[in-house]
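The two complexes that follow have chain A in common; it is paired with chain B in the first and with chain C in the second.
Moving on, here comes the complex of A and B:
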């Protein structure tokens, strides 16, 4: 069992609450200390919560198509505010319409996210990746 | 049973003698007041002697008392992130009856220490990190605080994982360890810090301010006046008859605002950000007062004074002259109708501004589903009642219009002040004295308080 703390939330003016609740339940059962900020979360709220709780990762959701605008600059803001080693995951309907998944992934990786997920993803796969990434991060310390 | 209740304020020492009675809970037998004396027990004894003289024969009454004299309880708050542990530490200190003298977040710097030592607070409330959360900032700040003057007592109420280290680093100086004010982002727990602050108040501060003599003589321990009110507001609210309510206590130097109530299911459905709000909440405004703070109040509440003067057809320079007069002579009382009206405008402006600061904000956020509300802070718009206390409001100033002066703040957000509350007056200014009596006769003091509130 992991005792890492992770911060969850739906970014921007997005009020899709259902997937967020599913993520909270899933990662809690997976053994994480989950800090769920709910819907309509700003970049600074994610960062504030991560600093205060000593979180190892921030998992950002975006469902309403404005993800690109909302998510841009989060990595820089983390660095600026002293979170220089935090993992950033992002997932959901990140752009409007049926954009090419590979292009979207490229775009968000370039923004500084460590992992990018489409709307339909097996959460077990995400959990495996998260465990690996956190282990790698801990070793690097 | 008879209860003798005294409150030592910064200007007046006030007292009342009550007797328990089946009809109204507590019956007022007599009251007395005298200017607060340099040596606090002197004024206390004068009030006590007057009340006892009026009491006549019978068993000696139970003595209960509170004090906000000599500037009250000064607390500096230290947190990690301003919106989380610092906000939780501030709220905890205010609920303990404190006056916040300064706030610090993230890492303390040598410059911060110099500032703290130049005007030491009674207490430094030290928080940071949720339980299991950040410890690095707390470690750093604990080491910095080794240079804090021992006049200030440190109350540590941060991440419990760092409590042992804090005790080790700061163990040789005045230090209290309390429960974390924010063990989890969703659950502020101010109770432990409040209790620790109360303990420090009794053990160290009361002694320093010449109050130990009174503790010895009366056999009763005081509470800071705002803590007494805070607990009494909670008790009045628990009774249920007032519904959800706010209480304003406007004085010469400050304006205290208390609110009590939980959100309705409809209010709960609005998306919210920031710390969850406590059921009973206190804020205090040091720049909104009727005499000592008249000038800063007129400045800070200009939006309110201008609007209220226009509504009443009064000249703006008339108020400026009145403010200058009372600032110069804080004992000045209105002598005629015009001065009464100007004093009323100043009072309404103070409580309007104080309420706007106490109340939360709702901002409209545009989403794919259209405009959506996002709330921060406490929504008082649906509150049932506002209780006005303090000498300046007891003359029956109509305060509701003052809450409606500023429907939107400078950033265009909705100000969640009471919009349709019943206004009730504590016409005899007995609530602080009943708040003291509440400790020995809780049920009777609540009943007496409710029965004494009148509509204008």
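Moving on, here comes the complex of A and C:
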């Protein structure tokens, strides 16, 4: 299996740092080359980093409730800038308030994200899905 | 002007002011003298420092929720609802405003209007302007504080204080290190010296405004001595600028003895250091934050965490407790959920507030330990600054003498690594560059080892991660699964 590069970061004006540091440790241990942009990352910074490093996936986090505003348009921006096959994952407390998980998932899938996770997701579960999605992507090439 | 812990001269402050007020059009609405007159006319029961004083005198714990939504009418309605049970109220500011991104805040306001509900995580006070902020004070029956996370909070302070807010949270360290990535510490400390000087000017005009450094920092396994050292430095910086009402904060760690000792030692250390540095004539209170880390999703379990925080706040004798909600795991709560958190806390604090005395003797060893750690660190900060606390703070972070676990700032070393001991108290797994003495190090190492043996594993980073998630998964100590 080739070593994939993945880009991590917390989008927008969000400064929740703890989960981000844990994701970095987890995916590094899982064998990925992790480019961690930390907190308060703009859409363009995600895309710049993905282009520079040839990343296979961008994992976007949002914990503070502004995800609906911050995450919209990332897929289009990726396409505009030539990232036409990149995987986009998003996870966290994505909207303001305690919302129906299924409705939130639909909303973000419609925005063009490949996977949408609640804050409580087990990281092992995410790792399995990421491996499958990357394998499918590699085969399609 | 040199960067130092010195009161900003009037001419310097007046020279800075036009630029501060010019950062967004609403800044033009600020009229200091009119603000002073409004404050003088405020009834006592809308004044934060009065409420704090009375609570300490009557040995009551004030209850304060967090709350803020995008639109004015909804925000006032929310505060009026919470006023049913809360003693003092907040206006929590949205995350765009905290980063001075007023255009994005405006987008959030507009989209919230279209959506019919708030898409922002707080109240964008700068965009709404002075009139709207004034309306909050006029229509809400209790004292209201600005709560945020803003490294450059000068314009927000000018607007909200002129509007009649009587308490302002934050500080040059506590609203930088846990809340931003790149803002230089010197810049945020200077900007907060401005805020503190503004509060000092109100004080000189006979208007007392309470200031509250943000105690919990990253809210993630922060050892009491580190948050205490930072709170005391921010207190010293504020006193120098003329602030006279200070509330120092601490975030619940989870172990009863450590948490009670933390509140006691915080008061004692603050008085000791403020006096040693030549400050008298100030009003000091404390605030205890209910658990700031991850919460269980299940609401009944969340209530247990909330009430345990309320219990410890009362047993520790904190002046005020910041209340969480049963929706904490999912982010911003509804008004009703928020009110439920306050009610649960109200019940437990009033049941326990008379039981403080018997605990003090029991926690004495822990009090002494925290004091020793704080004194060691503060002496090192003072030395680093060659006697100056502002310079000392900047140099101490650069050197790792001050180090906040799991903070996002690049100006924070992040080498200090905490872990729970076998009883759940926060100890140190890696001391980083924090200059603790050998006995203290030996104590921490022994406590961590005790747990490691009990769990049959070496102390490791996984143990720390387990501790970060443990409360959300139903325990205090992150035992191996």
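In this section, the second predicted complex is superposed on the first by the 139 of 141 C-alpha atoms of A that agree within 3 Å, B and C clash if a C-alpha of one lies under 4 Å from a C-alpha of the other, contacts with A are read in each partner's own complex, and residues count from 1 in each chain.
Simple rule for what comes next: a residue touches a chain if its C-beta (ideal position, glycine included) is under 8 Å from a C-beta of that chain, and two chains touch if they have at least 3 such contacts.
Given the structure is predicted, the values throughout are model-derived calculations rather than measurements.
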Combined model on chain A: chain C and chain B, fit or clash: clash
Contacts of A:5 with chain B and chain C, given as first, second, both or neither: first
Contacts of A:93 with chain B and chain C, given as first, second, both or neither: second
Which of chain B and chain C A:65 touches, first, second, both or neither: both
Chain B versus chain C as contact partner of A:22, first or second or both or neither: second
Which of chain B and chain C A:40 touches, first, second, both or neither: both
Touching partner for A:48 - first (chain B), second (chain C), both, neither: first
First (chain B), second (chain C), both or neither touched by A:14: both
Clash-bearing segment of chain B, relative to chain C, as chosen among 361-369, 379-387 or 397-405: 361-369
Set intersection of chain A contacts, chain C complex versus chain B complex: 13-15, 38-40, 64-65
Interfacial residue positions of chain A with respect to chain B in the complex: 3, 5, 13-15, 33, 35, 37-42, 45, 48-49, 51-55, 64-65
For the chain B and chain A complex, residues of the former touching the latter: 80-85, 128-130, 132-135, 182, 184-185, 271, 273, 365-369, 372, 374
Chain C-touching residues of chain A, taken from the complex the two chains share: 12-18, 20-22, 25, 38-40, 63-66, 68-69, 93, 95-99, 119-120
Of all residues in chain C, those that touch chain A in their complex: 94-96, 98-99, 101, 104, 107-108, 111, 117-121, 149, 178-181, 218, 220, 294, 297, 327, 329-334, 337, 406-408, 410, 461, 465, 468, 472
